[in-house]
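Before anything else, here is the set of structures, which you'll find just below.
In the two complexes that follow, subunit A is the common piece, with subunit B as its partner first and subunit C second.
Then we have the complex of A and B:
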């Protein structure tokens, strides 16, 4: 067995270039939990409800729970690999060491496009919210486009300057958004006359399962939106005090929190709105507040929506630009992107490059398509994970390198995850088949471009930075 | 074979690569959606002179539509009658499976070739 121990207190992980200097291990399970919930909570404020349009209210709830199983498998698998590949870059670095450069290039792109499309979706929601509030104030017809562009530019500028919202600031924003959901739930249960929750009447007859069980399958597409990004918790592996404990515990606690928040959100929204309207709503929780008859809740959920989307967009710009920057630094993309700003110490070229892409998509495409692009990139990444796990165990069996965490029942979680990913691909195919094909064609074309052109600019052995023994079979 | 030393890419070549990435993103992701070739397959059932009854709405649903600002059935008809078209042919399904599986096969195969070079240079100090 290799003598490198990821749980060592003397040696705190590997730097990105194979140095022995790593980041400080200061984070505990609560930080991991907060990081995950903070990234993902916006999924309760917008996007999840498109699952209602695809299968009805019950279908969206069943999809939410099955997606919870999918993400539990993701957390189990990712915790083992990340607690061993505890270096900056997350799944991108894992792919480089376990499968190969082309897979890593694709995983890097999955991260960039999942986050950039989520950022575009967040900006779209900000514009729509402003437009809706203006309409309520008697200024209907206000264009949402300037607000979309302004929010992207403002957050990109913050990232460019390095004036990032700190974890504490993001925690406060996330806490407000989470508490808003709990208050909405608490204030809408019970008898409030015409503003009461009316589940029995709103879900009677064909409204229960309008597409039958096929709709339940189809709703799995947007079921992922409740949790998309939770796997980002493992990005903190290099800074966690005890990866073996904190990563699986914090991530699984985050998933459980999100299942509870999602169920509360679902319960309130389907009790206040007909499913046909809920399925197309741009801001379902804000609409639910409007339907509650409480002005206080309208203001609270408006602020909650704004906070959740801005915090998420800020994190998305940060994460997407760093993934793009990392690929530039490794020469997977032009080295020009690997530059750091001399004053602000930020990957400013990567930040700027992604701004027009986010603006173009946010201003020109509807929210359901933005969300679908983000989900598809996430789905491709989740399909990579079981392949990665199986190859990891095959190339470095348990007795060759010490893991920070060994997930139980291997290969069952990997096979369940693979099966659920296959189901979700079929769910996207139902109703969004052309978009699915467009996205896969994009990844095939850029993969060929990388293999036959771009890879010549990449040094070979320098990509492998882990202090591991030679993989079995090579 | 000696250790592989990657060539230095010129600024002009880097610029062309940046343009290629942008064009690929716009042509394969943005244009199909913008031209309505991609996106949701929603269809609307036409209902002449719609009433709340003919749209299958009960009293509670009608009250909620009214609260949402839909004063009559005609204004809500488009939203209520919108349905996804989930019909597909076996050829469509097989084509989708081939595209997805083919994509992963391409990636895993080319990655394997590249990976063997990486491992050889890392552990042998030379490429095979």
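Then we have the complex of A and C:
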């Protein structure tokens, strides 16, 4: 057994327990970065600016940095736990090992809903972008539906064919989208002519905090939009060559990239557009490029917007299918979903199953509902994380399991995350109370279904796979 | 009919191509391999193997 190499070409993926078809370990830290940042960066291109409508430009900046703290805690906690629980399913698998089956079932559903809704929202945006370009070219009445369906099916096909090509594609388009923001910043900061940044004029007086501190609180809801999805890096855990190194490296580099991109985005947009307009803009970075007076920037940010949208949808398909697959493999869902393609080594049935659902959501629901349901599911997931982290350290202290990464200042990040989640729940309740209550009722109903019916089918003995010592106190 | 109308039809056609490619391969795969092989993936294989190596088995 000692000379057995699971990553060797001869026996790639062949496990020691008779397994012969598993996911392929081919990814590196750059792919992890591309998965996390790729899902999120679209939030810089659109969505974050609705926080400006809630409380003005400064409120959006405060929300941006508070949410940045929240997500830094998320990234640190995820890096520690996932570098130890290195399996597909991410937070679902963490919950299964650390808290218990009912929590795991709920977290698995949070993940699938958050990513599938976000994928639908991205596909909707692709359709909207094509419609906008057609409108600018003088064509009216173009249907967005074929472009929505095409983007979902193309990306599903890419995901179906293999994870390496999928995330290499994400790496390229995410890098282009990020560099576009940096170029926009560099060119507008250096512009001192007619189209220069006007921060002093646009953010003084009543425009500073138009709705006071309540506006700041309300803006927190959209502050999440700058970073929502960075936790998706954990879904690559079973497909990276070195989980202990690649996952913390990719995730922490990802959150740093996003804080930089979010701050640059805020700075450029609030310097070019009055808050009343910025707060309702559909594509704020593209609008900022149009107001810069540079045709080059208009084209670049147009491409950046499209690439950011596709990268996000692509990452969402990857993540939602891994979470669904992991639940199928453990029989939390029908075992049929736990299949891996023998050639492409992808969870192909889970990928296929989620395609019509994403198409249905994208073509039938409005964007704000898609985004809200995605955020709510994400928020429930973030609330689970601090509890998970505290229990993880309590049950398996640092000297009992070797971690790939140990996050500092425990339990401070967990407590900060819990407090910020409480604030954000309140902010969401102010704007979308009905949806919040509806979603919680939904999760209570499916929990009852799981507890009283589905749990009898779960592989109870086989689901705990980590070679860990007995938890402290048990 | 202008270029945008053709683009609409082109998008539907390409969507159909990707859907057919996926479905054909799905059917072929399910017919070629047994269900036991397709669902033989197990969580934590690498970790379990590492543990065995630590124990010198």
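The definition used in the following text is that the second predicted complex is superposed on the first by the 385 of 474 C-alpha atoms of A that agree within 3 Å, B and C clash if a C-alpha of one lies under 4 Å from a C-alpha of the other, contacts with A are read in each partner's own complex, and residues count from 1 in each chain.
Quick note on the criterion: a residue touches a chain if its C-beta (ideal position, glycine included) is under 8 Å from a C-beta of that chain, and two chains touch if they have at least 3 such contacts.
Note that this is a predicted model, so its numbers are computed, not measured.
Undergrad: For A:69, using the defined touch cut-off, is the partner it touches subunit B, subunit C, both, or neither? Pick first, second, both or neither.
TA: Once the two structures are laid over each other on A, A:69 reaches no partner at all.
Undergrad: On the A-aligned overlay, A:390 touches which partner chain: subunit B = first, subunit C = second, or both, or neither?
TA: A:390 sits against neither subunit B nor subunit C.
Undergrad: Would you check which partner chain A:264 touches, where first means subunit B only, second means subunit C only, and both and neither mean what they say?
TA: A:264 sits against neither subunit B nor subunit C.
Undergrad: Which partner, subunit B or subunit C, is in contact with more residues of subunit A?
TA: For subunit A, the partner with the higher number of touched residues is B.
Undergrad: Answer with first, second, both or neither: which of subunit B and subunit C does A:416 touch in the superposed model?
TA: Neither partner.
Undergrad: Quick one: is A:341 in contact with subunit B, with subunit C, with both, or with neither? Answer first, second, both or neither.
TA: second
Undergrad: Determine, under the contact definition given at the top, whether A:176 touches first (subunit B), second (subunit C), both, or neither.
TA: A:176 sits against neither subunit B nor subunit C.
Undergrad: After overlaying the two complexes on chain A, where does the subunit B footprint on subunit A coincide with the subunit C footprint?
TA: Residues 335-336, 463, which sit in both footprints.
Undergrad: Considering only the defined contacts, which subunit A positions touch subunit B in the complex?
TA: Subunit A reaches subunit B through residues 53-54, 99-103, 106, 194, 198, 201-202, 204-207, 210-211, 214, 218, 272-274, 276-277, 280, 287, 291, 331, 333-336, 353, 357, 360-361, 364-366, 368-369, 373, 383, 387, 425, 429-449, 451, 454-461, 463-464, 470-471, 474.
Undergrad: Which of the residues in subunit C end up touching subunit A in this complex?
TA: 2, 4, 7-9, 11-12, 14-15, 18-19, 21-23, 25-26, 29, 32-33, 35, 37-53, 56-57
Undergrad: Touching residues of subunit B toward subunit A in the complex: what are they?
TA: Going by the criterion above, the answer is residues 3-7, 9, 11, 14-15, 17-18, 20-22, 24-26, 28-30, 32-34, 37-42, 56-61, 63-65, 67-68, 76, 79-80, 82-86, 88, 92-93, 95-96, 99-100, 102-104, 106-108, 110-123, 125, 127.
Undergrad: Where on subunit A is subunit C touching in the complex?
TA: 1-2, 4, 6, 15-23, 25, 86-89, 93, 130, 134, 137, 139, 142-143, 146-147, 149-150, 153-154, 156-157, 160, 238, 326, 329-330, 335-336, 338-343, 348-349, 352, 355, 462-463, 465-467
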